[in-house]
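Each structure below is given as structure tokens.
Two complexes, one shared chain (chain A), two partners (chain B, chain C).
On to the complex of A and B.
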């Protein structure tokens, strides 16, 4: 989990949600929430703290946020390996 | 300064890879929008009142659909009858509307025959098809004067016996033909083959019987025929055989029944063009069929023979687009492969056509977020319970509603009571009122025919 958060540092993020991975040459689209998570992840390799930060910004339970973030990270893992 | 009290609403994060290959550019567009109403009635309110899943019929769509087909043909040929193919959807409210619109009934079993009779259809307006009609069913149908379509020689022999027993002479019958049109695969297991002489042999047997007479020819080339030229070929071949059989056995054919098979605007799996592009209109089918009739029957009346009546047994194209299925999202999942999955409360148990169609799937509200490739599972604990293998959908929450369309053909008849009870079917009437035309099943409905021997009653005391 930690590794994958570290790997987000290499991603180029744009305001519109366009994401480029210079290692694989692949590009992605993320929605607003996805963009917020990637931005946070570039400076934060602890998933618990990342969830805390999201809780401050968003109106949702920590259970819901944790579940969705974990889902998102898993997805990312598949793309960035 | 950011106010803590006004936090942003949480939308689940989504990431999708840009793919250079294999993206279905039509699928994306087709499924991008939402649908929040059916015939002017809110989907959310329908589900609140009648539960989920829910089948929703539109009276207006159904009437418009059958009228359009009728108009397309009656403006091009003088004698046309539509016979409603019961098996496609035999909910009484559906059949009743189609009978109000002037349709006869096309049935393929004694059960369907009885259903049509109970609804008030006169036997003389029932076309009785199918490869199995029992002696009892034939006796009833002959004595009531139904229009019987003979499928094989054994049935012909039985029919002759039945007519003789009832002391009926010259009972008019139709034979079902099969032949190669060069377009659709020949449904050779039904009826008498034309190329190998079986059909002519059947006609000679009928001519030799005092109890029967041949007055009609029937053929059904198959279902979901997207090339109208298949019908041009079919009609040409049938007229040719009509001329031959009349000459050979001195009969007069008064009915040409070309079966069903017109496609609806549904997406067949494995077909990549969108249905709007490949599904011919009623007018295109009519043009192909009536054009062939005009050419083939040019000299018929001059030769002292009547113009035969054209019978259509259109099923799918009449009813498919007049019905929707509403289903709720029960769970979101991520599969080990990375694909997103949703579990719905409607599966292949009630959406049988999911085995061959890619229905249009739309959320019932506008949803923010990037659409992602999603597999839709039903509620059964069976691997086959997939209502959609791959569809691009935005993020949805549990409880969100999805509509599937078109679902009017073959679902309300082929659905099964398996693991789950079958849901209600409602109809939005032309005046906007909603009527339940089939209530949701209950445990009592399912157990009513059962009998538990008294000594088998388990004792858990």
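On to the complex of A and C.
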């Protein structure tokens, strides 16, 4: 999980949600929520702190956000080999 | 200042092109005004007629005619065209040009090619040794002379699927012994034996094209991930990447071999992130125009090295630049086709894109 958070720092993110990984050459699209998570993840190494920052922006419980973030990062793994 | 550069590999076939046309295109975009002479083997090699990038096309004798015939033809063409540099770019002709390089230099034709020893070091059947020396993994590889191997190989710790490869060209993934035997006979029929068996590793292929300076350095490099493949598994679209580990492997390869000339490293990143060396091609790949596209024109660098010019270190190339290949038809006059068929050279003025 930590490795994936680290890998998000190298990603090129665009306003449209288009994401490019300069190391793997993979590109993919994320929705607005995914873009918010990726932007925060680029400045964050700790999933707990990432969750706290998201809590300030989204009307959801800490448990829900943490689960969604973990699911999102797990999906990212497939793109950031 | 203007120079003349001869380039081989004019077989710009849509699904599996030789690199010559892309090299010619790079040279036409270099800082030095360059006249490109295309050297092909077949009257239907399309790049011979592409006047936008190839100023004049000539045919060479087939490699089976031997090096004396090749040299005699080059002497004849050099008397007419006075080329300063010659860039061979087909695997099957590299050994011949490596051996002829000193003779060609004596005539004033500079090549910037690896020598025979360097070529042998990266031969597909010696890949695991070389991979070990440059500190990367590589799939198990074995030279095969008899098709029976594929029926018995499971007892020797081989598993299907595996790759069946020609020593110079061609590769086929085989899921069972029958497929492997069929691939063996097809490849052996076209390219001879040995045919290579290589264990299959799942993952993403990444490639690096570069130029070794002959003194242990890597003069320039461009990295690419294929994004679309032809039926033959050749890149139809790709995107530039920046992978420090791949780049470091290329630096080590040049340091270990003192590689001189163009090269392509084909590596595979497995699902655990490990890097495996699949193949090293001793020449530029067909996707070499991407190097000009990202601002690091590798054929231009090679010509400058061949001419003995000192190079400044190249800047890292940007990631995220795509190439997408397309096919187009060359329109060739009967007179031009007749001329190359009968006399082995294109007309001076006509051509598909004159």
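Throughout what follows, the second predicted complex is superposed on the first by the 81 of 81 C-alpha atoms of A that agree within 3 Å, B and C clash if a C-alpha of one lies under 4 Å from a C-alpha of the other, contacts with A are read in each partner's own complex, and residues count from 1 in each chain.
Operating definition for what follows: a residue touches a chain if its C-beta (ideal position, glycine included) is under 8 Å from a C-beta of that chain, and two chains touch if they have at least 3 such contacts.
Fair warning: this is a prediction, and the values are worked out from it, not measured in the lab.
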Contacts of A:12 with chain B and chain C, given as first, second, both or neither: second
Contacts of A:29 with chain B and chain C, given as first, second, both or neither: first
Touching partner for A:37 - first (chain B), second (chain C), both, neither: first
When both partners are placed on the shared chain, which of chain B and chain C touches more of chain A: B
Partner chain(s) touched by A:64 [first = chain B, second = chain C, both, neither]: first
Partner chain(s) touched by A:76 [first = chain B, second = chain C, both, neither]: first
Shared chain A contacts, counted only where both chain B and chain C touch the same residue: 26-27
Interface residues, chain C side, partner chain A - complex: 203-204, 206, 224-225, 227, 238-243, 269, 271, 273, 319-320
Complex interface listing, chain B residues touching chain A: 4, 7-18, 334, 338, 368-370, 395
Contact set on chain A toward chain C in their complex: 12, 20, 22-27, 81
Chain A - residues contacting chain B, complex: 17, 19, 26-34, 36-37, 56-60, 64-65, 68-69, 71-72, 74-76, 78-79
